[in-house]
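There are structures below to look over.
In what follows, subunit A forms one complex with subunit B and a second complex with subunit C.
Here is the complex of A and B:
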């Protein structure tokens, strides 16, 4: 390493000029392209999980042989028994939260700091409720409560491929929701310090894109987990 | 609060402390390796070691480490700078590397200590009462990555921003310290990062090469001479993964150093993210080496059910290290794509970019997307091992399926093998016109063929799984799709031939490596379709033929062009010229040795040698070929050492290299060598075509933007 640097020594010193200024519009464009590429990249993550779901939650030939009582065909798509109510309510909350995120973004662009912060808080609370719905009820972190609400005992991660894929998908999504929530808190904190003036709202825009993105992912996950396929008992 | 922590970590005390850590840890490490080697030799030679030898070694190691720690603490203040060891420790305490490693070790130790009695869920379910420590290792490895990142300081700016501080991008070396220290610290300059990648890559290459030589010695003769079978398994697994890491580092070096200059930019679009991509590789590498120490026997592919059930715990560190490397791939690929989209110089439209940039784009397209699916596969194995979540065990209803892993794994890893070669193709296309003094034949076709390879690369993955029990229809589909790769690859070969055809060729070292790489890749490329044909693959799968195939593709596609690039851009990077005679010696040793090695591997494969096996039946009559391969490996190893000697000593020569030694048209040669902090002294513009070699000298490609009124 040192060998390579020797050359640098005698040269760099006389060129300690400032970095060429990158104009804000160029930087903004870079940020946007970068974030969208990140979203595309994550499509492959969630698609991988969805692929696992459709690959594993299927009727295999052995199952037909050993479960003659069921009228199932090889290759038929299955799903575990989950509470439709819980799924519907949590999904609805996440969707509504996106609406408030849009409000926050518009408010930021118009310089209405108060309205922006209020909308962010609503988004935050709805997102948090979604997260708690998944973590406490769907995951059965409080088994009695989950049982009382859903009427059946919660599925465990060790419950075969159903538990495994369910927890992997909801878990990966929950990690993204959590980072989104942290992002929102950072926005709220930094807006107190006068960040995100009109024309410089990239932070809010980024958070909004991310939040909507996580929301859209759930729009694919929700039917895959709750709606598609025959319930397997 | 955050600011206070940051300030403390740069205080005098903290620096002394890190110097102490560096001294102690390095001593511990070196002595451990030395004792390991000693015990191994004693064991092989059947010398009766004294009974308490191991305990004694432990005491010696502890005492010396403590002493060196104390010495480091004193040296950290700078009072011992008169001694080389004092200077070493003084500067060590001032590097992000040491800070990060300390953070990683600290976090790992805390987590491990707290969690060591926690059992994994499969352990609980099967009634094991004594925890193996696997749960602690997994969580410790995960969190220790953050330990590294925060202590090293890669995340400092972002963390400060989260708490509402404005942070400015700091350029140049650490104030008041020698310039070279920036290479061991967090630095945002793409050239510094490129060199960091490159030097790390070469070191990792040497480590992986050393492992290969060890197990090649074992294979030179039938019967087991040097290692236990478990050790052999660990060695080849670690060799594979470490070499792959080295190739990624080398690709990172090329792209980071070259791409921004070539498009006329001052830096990457996201300099901090760039530093992050490099530095997260360090904790990942630590995990891989840790996995090697614990032992891991799954090979680099880590297929379940073996990886999800093996008792060799190094496998979890391997999975974790592989996973963390993924962040680096994704982040740096996004960074490159954005840089190309938004940071090109005036006049640098897409069809006028140096052709290497096109291959960087193709590479990044594969890296930023496909990497995610291998992450899914790896984390599934980790989840199955620690949480008992069943993805791969077919005993449940509905059944898990190990083939799922192979799909997710190869959906990434097939494009990944193209990541290793496409930048190399770019180098070939970049350098041939310079040394043949002729335009690159079919620029647009070559540019598009890189993208074509990337796209076709996404639909061929299951050719690795012909014997895995897939439906027949799928096998045919993937056989045919694999053959399609030949089209864009063929375009490249014809372009290279067309460029050479009738050229006025000269043969300095870089050109030799480029021509050598074409010959070697041809060998790899021709052995591929034989594997992609189902009936032949049924025989050749899991044989040494596959080993010969991929070594030829990777050496032809990456190693040879990379070495060529090192020689070619050496005067750009250092401002000095390498020694031509030594360079040629390196080439003429390495090329024939490689041919012997690779063809030898294919031959033993055809004659029944399986891969990933420590021993073979003497009746197969393979001894001679195997010995020959081992000798060839040693020659390759020596030739690489010659290169390192050459590059090292030439950097110290007084004589400066000519400004544009190869007569290249590429814009990076307009700037002084070594490149200044922000590349071009004044912005450049592109006014012509890139590869008009051997034509009218007036046809300029790039020039500094003339001042107004000029």
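Here is the complex of A and C:
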């Protein structure tokens, strides 16, 4: 990409200094590169959490000594007791929300404003349900309800490495989901003002990339939290 | 990037039809992702972390390519 000069112009007049107009495709490309760099930088954060999960959720010699009845070996990968049903349903919600987000993007690109707004609302509601599923059920914000649904007591942040890592992973992800939800609401507000027209949909595209990124993170978190390892009671 | 962008429309207006093909494509990708998620859930008793990670990478690749349009980073036009 060639440089775009935004420097001094020797021929400017004293009263009106016009900023050079950057062609939209150049702006768009720069925006995309910037957003992707942000996404790449965030990989380090989530990869660090995943590394902590696989390093800390293992059978230690202390565990073997304190639970002689358990048939586990030192170093075996573990996971906490989480509801498989809740994990699957919340994952499905996020996946469907991702579909509706890309549907909104396609609608924006083709000038289907009504469909775009409807798809954004569906994305928002599903994202909110995902968030509530994590906060209410997995975090045990409403312990009785969580226990009734999952059949076991929710894990607390103070429950050793299981609680600490689980809350760090789901908490960091939940913050990103919340940001995405705010982003979607802003998008809905702007689209009602007619901001996004075919060919000028960077706002929708940026929100979609961010939302899908949150989904990609969960694609790795879901097996790491719910599927991989032996359940440690 | 040269000045020729000034002479062209801001975007390449090559796909401003009803978008049926685009809607169909994203739906197929979504169905594939759903099937992979169900497979992930069903193969859990095999206790294979490698298999689960392969499935996760496959799903992530589909999302990054078809939903996040990573290929647009290398394209000159706007869409």
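The working rule: the second predicted complex is superposed on the first by the 217 of 233 C-alpha atoms of A that agree within 3 Å, B and C clash if a C-alpha of one lies under 4 Å from a C-alpha of the other, contacts with A are read in each partner's own complex, and residues count from 1 in each chain.
Definition applied: a residue touches a chain if its C-beta (ideal position, glycine included) is under 8 Å from a C-beta of that chain, and two chains touch if they have at least 3 such contacts.
If you're wondering where the values come from, they're calculated on a predicted model, not measured in any experiment.
Of the two partner chains placed around the shared chain by superposition, subunit B is the only one that A:44 touches, whereas subunit C remains out of contact.
Looking at the shared chain after the overlay, A:232 reaches subunit B, while subunit C stays out of its contact range. Of the two partner chains, neither subunit B nor subunit C is touched by A:122. Once the two complexes are overlaid on the shared chain, A:64 sits clear of subunit B and of subunit C alike.
In the superposed model, A:72 makes contact with neither subunit B nor subunit C.
For subunit A, the partner with contacts to more residues, out of subunit B and subunit C, is B. Contacts of A:142 after superposition on the shared chain: neither subunit B nor subunit C is touched.
Contacts of A:86 after superposition on the shared chain: neither subunit B nor subunit C is touched. Look at A:190: by the touch rule set out above, it reaches subunit B but stays clear of subunit C.
Once chain A of one complex is fitted onto chain A of the other, the partner contacts of A:215 are limited to subunit C, with no touch recorded for subunit B.
When the two complexes are superposed on chain A, the residues of subunit A that touch both subunit B and subunit C are 1-2, 4, 26, 29, 33. Of all the residues in subunit A, the ones that touch subunit B in their complex are 1-9, 11-13, 15-20, 26, 29-30, 33-34, 37-38, 40-45, 47-49, 51-52, 55-60, 62-63, 66-67, 78, 157-158, 160-165, 167-168, 186, 189-190, 192-193, 195, 232.
Only residues 1-2, 4, 23-26, 28-29, 32-33, 36, 77, 84, 88, 91-92, 95-96, 98-99, 101-103, 106-107, 109-112, 198-200, 205, 208-209, 212-213, 215-216, 219-220, 222-223, 227-230 of subunit A touch subunit C when the two sit together in their complex. Per the touch definition, subunit B reaches subunit A in the complex via residues 121, 125, 162-164, 169, 171-173, 178-180, 183-184, 195, 199, 266-267, 269-270, 330, 334-335, 337-339, 341-343, 368-373, 375-377, 379-380, 383-384, 387-391, 396-401, 404, 407-408, 411, 573-576, 647-649, 651-652, 672-674, 676-678, 681, 683.
Subunit C makes touch with subunit A in their complex at residues 1-2, 5-6, 9-11, 13, 15-19, 22-23, 26-27, 30, 33-34, 37, 40-41, 44, 47, 49, 52-53, 55-56, 59-60, 63-64, 66-70, 72-73, 76-79.
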